[in-house]
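What follows is a set of structures for review.
Shared chain: chain A. Partners: chain B in the first complex, chain C in the second.
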Partner chain A sequence: MTVTTRPDAERTPRPTGMAVGTGPSGCRSAGGWLVLPTLVLLGLVIGYPIVRALWLSLHTEAATGDRTDVFVGLANYLRALVGRDHGGFWNSVGVTVLFAVTTVALEVVIGTLLALLMQRVRRGRSLVLGSVLVPWAIPTAVTAVLWKWMLQPDGIVNAVLGKKILWTGSEWPARVAIIVADTWKTAPFIALLVLAGLQLVPPSVHEAARVDGASAAQRFWRITLPMIWPSLMVAVLFRTLDALRMYDLPAILTEGANGTTTLSLFTYQAALDQARFGYGSALSTITFLFVFAVAIAFVRILSRRIVAGAGAGKVA
Partner chain B sequence: MRASRGRRGDTATLLAALGAAAALLAGGCAGSLPYTADGEITVAGAKDTSGNLNKLIDVWNAAHPDKKARYVELAAESGLQRQQVMQNFLAHSPTYDAVITDDTWTTEFADKGWLAPLPADDFPPHEYFPAAVDAGTVGGTLYAAPYIASPVVLFYRDDLVARPPRTWSELIGDCAIAAAHQMGCYAGQFASYEGLTVNVTSAIRSAGGDILSVDGTRAVVDTPQARHGLEFLVNGFRQGYIPKEAITYQEEEGRRAFQRGSLLFLSNYSYVYARANTPGPDTAIAGKAAVAPIPGLDNPGVTSVGGHMMAVSAFSRHRQDTIEFVRYFTGEDNERQLLLKQSVAPVWRKLYDDPDLIKRFPFLPTLKESLERGRARPKTANYSALSLAVQTAAYAALQGAVSVDAALAAMSDQIDSALDGDR
Partner chain C sequence: MTAIPLPTARSRPVHWPRRIWRVVQIAIVVGYCLFPCYWMVVSSLRGPDAIFSNDLLPLNPSLVNFRGLFGSANNFGYALRNSLIIASFTTVLALLIAMPTAYALARTRMRGKSVVLGLVLAGSMFPGIALLTPLFQLFRDLGWINQYQAMVIPDISFALPLAIYVLSSFFADMPWELEDAAKVDGATAAQAFRKIIVPLAAPGVFTAAVIVFVSAWNEFLLANAFSIDLASQPVTVAIATFTGASEFQQPYGTQMAAGVIVTIPLIIVVLAVQRRIVAGLTAGGLKG
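== the complex of A and B ==
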């Protein structure tokens, strides 16, 4: 991935997008003007909703149903963080983190194994590739409905297990159901990115290691893993950010019952079911900041490791 | 000189580009909002699966060429329909003149000033079931015309049970029959969702209690009556007259269990009747499913009459024409078609006494009895929060995680908090 390339000090200076009319030549100025519509459009579709959500989060709607919003300062934020909804809010944060950690961990292990399988298999490779990728191609909402059917009390999952578990009827079975469904759906995504990383490992390195007497396990831990580390980490980052915003699976499988209300579902209930747009905007802003902070932390910590990992790969 | 000409050229290009972008945006908006020709009455509602709604509109349009109507299909799911409608109302948009609503939206929409009052002369209250009129009435004024009734009734196997139970103790007595046939006895909707709120509300009312005070300002679930009601459901799971898997049942799961032949009694909406009794691969009990009013503590129970209403937007540019259209659309003749063509329960009382209709739908008198006794779901401007409070507290009790008393106390607190002026 491009993350591994160090930024070149002698790189040409970045074109200044907003430098309308300030450039030394008329050509530069024309470029600025030409970029402007795009910037305006981006501002409209990205900037406006964010600014509007921030503005809304500081207001509450008038009971009359007119859009005359009342300024309430940080009351919406306080209500969630320490106020009367703090129980439900922090509970949903805990549930979200639980789902993110467990699903991403499972998906990394299973996804890597799938990628190794896809790389190794000689005959019927396209069949394996196709069948591994099918879950990823199915929309999440459809996945949720499929699993809901399979997890019925008299459904196929109980028939195969030979047990009668009420999957959506109590806390841990419901959580396990969501974790399993999410892992089933998105492990292929990790597998795909890891497979791309695997293609970059030169076979000669493996051969050299084999000649030196390295065991299969040693070759995986010392050669393969360090070399796929960058692509694996990008996959983990994407998945973590996705998992922290998980909505569809719990919304359809359990409707948030039995301790499966994620932050997004909690926000949805407040903002749309109960039509509290100000409070809902505050919740989405909190979600946004939370996900953003995790992303920044991830990039900070991992970019260092990625460079180190790539270095290790080269050394081996 | 050259530079300034270039600059002007740039500006022209920029304006052209912006214009194109604006046109694109405007185009996008026009695409997502149905275009309303002036003078056209736009009616928004769920998907017209039977095709009957558009036929009714064709009839109207033939008779009223000067005030034609058009049907706009909203999302399939009720929560999404609500969002679409609310977004239009929040923007004070005149796009939808009439809206087919869920009965629980009425109070909220009317409170916010989004609905036009309907004249009582056009919609005479005594023609409809009391629950349907009540669901459309806010502060003594009718804001939504009754359109479709949706009562919960008790389905039972008339090949196994001679006389349907009128009370809970009779029902529990009949469970010996279920046990003898290795089947579950009773189920309703007990997963944690709106259906549970309906079942709990109906159980509490069937024991003489209620969810909200008469003025709708506070919870009244901390009463012996409410305890009896919730206990009927909680004891069902504890003593086994409700099968364990029913904790995961929504309408469809329960219907399938009943049609497989693994349930003796099922509380559900009237649509189950046709599905269970029409011979086919998905029902093992065709011709054996019968209908009765739901049982209660000492008397037949008080069912929850859900249903759909038809409301006129306060922002409509042709309010009078729209009211006239709604009167036609929800009128007696069309309600008869509703029953005949779409198999849904009409809100007009007199249709239930029509001998021709009774011959075709023998369960009509039973349905009428349920509808006469039934009540609308609790009326509040924040129904979603109330429903969430009822289902969350009741669900914990059904799971055996908390006692009935603790559940009702929590329910009471949560409802009061939901009703609180501080939204």
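== the complex of A and C ==
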């Protein structure tokens, strides 16, 4: 935590008449004190577990429950990466990446479509905005139970499709079930972000393009899409990182069965269900590093666009 | 993407195809978002004999699922109480911590601001699963398993980044001449914050409160690990672990009724402040 709070400067009374032109509020060190509670809390709840998990992951023998005094080096990591659990581990990595890629792609496409549909709505705007917020507000746990119900063999989805699919009974239907539930819940949220981006496109540009004979499709690809691209990329970044830690949906909808065990679920099962804290900590450290690496890569690739998007979406 | 209708000039006569297309647009968006919720409500009103019916209307509606929810088998009242306590404490504490930080980020020329922003951003991307084992051990040693604070404290840290973003974007847009005026009149920075900024920022704070409340109300991963007793489980864990009459029979009617009860108050609050929530969420650019 490299916050420069200068505690002694805070305590010594300032000589009167000294103009401290350090900012809108005229007080440099107060800023440090104001952010202190946040830093302390994040340090305790996020910083401590990172360090502790690292220590645990090097210490517990994988098979002996919660004994934490034996130094085992990288044994816990090797067990997951190349050892006896590597099948399950890499499987869960693949499933996690599959879910992240498919859900984010679908959510961006459907979210953009929803935003384009919402864009010109004047009367009924609050109805539309309100209903878009509903899937966001519904707890993921409820979403999981709701889709599990709708995807029953005798459920409404099969009735509409006119088929008898055992959605949670085999690999690909179970994965599709999770992708569908996640997309339903989150595409409306992307739609909100895209809608905010769309509002930055001046109508005069569209009007001019239309006068020049550009078709609706051309206007979308050549004008709308490039202009909403920055806010879209910010949404993609956050959604991807969110999707990489997916837990609730597979834990409830399929309980990880039939090839739907994500990295988070795999880690949860090892750490708590099997009470292997050292091994679980190794897995959670790997998950953390994985998400972190993806975040860094994203920011590297998109940094220019995110800087541009910061103006549009006011991120950071 | 065949037709993106352009705004109709007011002087033009009523254009029926366009008007119908506009209604269809609304219907698509509303149907996509609300049909599953509608189905949840309809299913919750079906008795055990009719639960597998796929009629679009609940013929012979029954409240048996809602009654069963609060019976001795499920004790959903406990879960509601727990979620209410956890989410309320999380909201109040997260805002108390987030407000000064957001103020500092939006208004002071603090050194190391980008470091703080970076840490907050990193906090928002942090996978919850990475906290699980160390916090479980810590809370177990402290005797905090099945205690509210085991869920409140992590929930605060999950909600904090979004709360800080939403608040600092509101703070940045406020009329700051008033703050300077207060300082000219002799108020300290702290007084200016308390007496001028806080009342002005109330709408933004309320928005942040709703967003934090929703995120705490919806948390499942850590609650699933830290609340083992039925009496300490929040609603998300309770709904996921409801047991039916037999082990292999999912109590879907009861689960749908629980989903309705859990979701409706949330939706009412969110709809009441929807425009501000939309502004807050898009400003934060994050998922709650």
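Quick note on the criterion: the second predicted complex is superposed on the first by the 253 of 316 C-alpha atoms of A that agree within 3 Å, B and C clash if a C-alpha of one lies under 4 Å from a C-alpha of the other, contacts with A are read in each partner's own complex, and residues count from 1 in each chain.
Just so we're on the same page, contacts are C-beta pairs under 8 Å (C-beta built on N, C-alpha and C of every residue); 3 or more make two chains touch, one makes a residue touch a chain.
Owing to the predicted nature of the structure, the values given are computational and were not obtained by experimental measurement.
**Q** First (chain B), second (chain C), both or neither: which does A:Met118 touch?
**A** second
**Q** Where does A:Leu34 make contact in the superposed view: on chain B (first), on chain C (second), on both, or on neither?
**A** In the superposed model, A:Leu34 contacts both chain B and chain C.
**Q** Once the shared chain is lined up, is A:Gln152 touching chain B (first), chain C (second), both, or neither of them?
**A** In the superposition, A:Gln152 contacts both chain B and chain C.
**Q** Please name the chain, chain B or chain C, that touches the greater number of residues in chain A.
**A** Of chain B and chain C, more residues of chain A lie in contact with C.
**Q** Go through the superposed model and pick first if A:Thr168 touches only chain B, second if only chain C, both, or neither.
**A** Touch partner of A:Thr168: chain B, not chain C.
**Q** Applying the touch criterion given at the start, work out whether A:Leu272 contacts chain B, chain C, both or neither, answering first, second, both or neither.
**A** A:Leu272 contacts both chain B and chain C.
**Q** Contact-wise, after the overlay, does A:Leu106 reach chain B, chain C, both or neither (first, second, both, neither)?
**A** A:Leu106 contacts neither chain B nor chain C.
**Q** Just to be sure I read the superposition right, which of the two partners does A:Asn258 touch: chain B = first, chain C = second, or both, or neither?
**A** first
**Q** Looking at the overlay, what does A:Leu241 touch: chain B (first), chain C (second), both, or neither?
**A** Touch partner of A:Leu241: chain C, not chain B.
**Q** Taking the two structures together, which residues of chain A meet both chain B and chain C?
**A** 26, 30, 33-34, 37, 41, 44, 66, 152, 154, 272
**Q** Mind listing the chain B positions that touch chain A in their complex?
**A** Contact set of chain B toward chain A: 3, 6-7, 10-11, 13-14, 17-18, 21, 25, 79, 83, 86, 89-92, 108-109, 111-114, 191-193, 244-245, 247-248, 253, 257, 382, 384-385, 388, 391-392, 395, 399, 417, 421, 423.
**Q** Give the list of chain A residues in touch with chain C in this complex.
**A** That would be residues 1-4, 22-28, 30-35, 37-39, 41-42, 44-46, 48-50, 52-53, 56, 66, 110, 113-114, 116-121, 124, 126-142, 144-150, 152, 154-156, 159, 184, 186-189, 191-193, 195-196, 203, 206-207, 210, 216-217, 219-220, 231, 234-235, 238-239, 241-242, 244-245, 247-248, 251-252, 263-264, 267-268, 271-272, 277, 280-281, 284-285, 287-288, 291-292, 295, 313-316 of chain A.
**Q** Using the touch definition up top, name the residues of chain A that touch chain B in the complex.
**A** So the residues of chain A in touch with chain B come to 21, 26, 29-30, 33-34, 36-37, 40-41, 44, 60-61, 63-67, 84, 152-154, 164, 166-170, 254-258, 269, 272-276, 279.
**Q** Where on chain C does chain A make contact in their complex?
**A** Per the stated touch rule, the residues are 1-7, 22, 25-26, 28-30, 32-34, 36-37, 39-40, 43, 52, 54, 96-98, 100-101, 103-105, 107-113, 115-117, 119-138, 153-154, 156-157, 160, 164-165, 169, 176, 179, 183, 189-190, 192, 214, 217-218, 220-221, 224-225, 235-237, 239-240, 250, 252, 255-256, 258-259, 262-263, 266-267, 270-271, 274-275, 277-278, 281-288.
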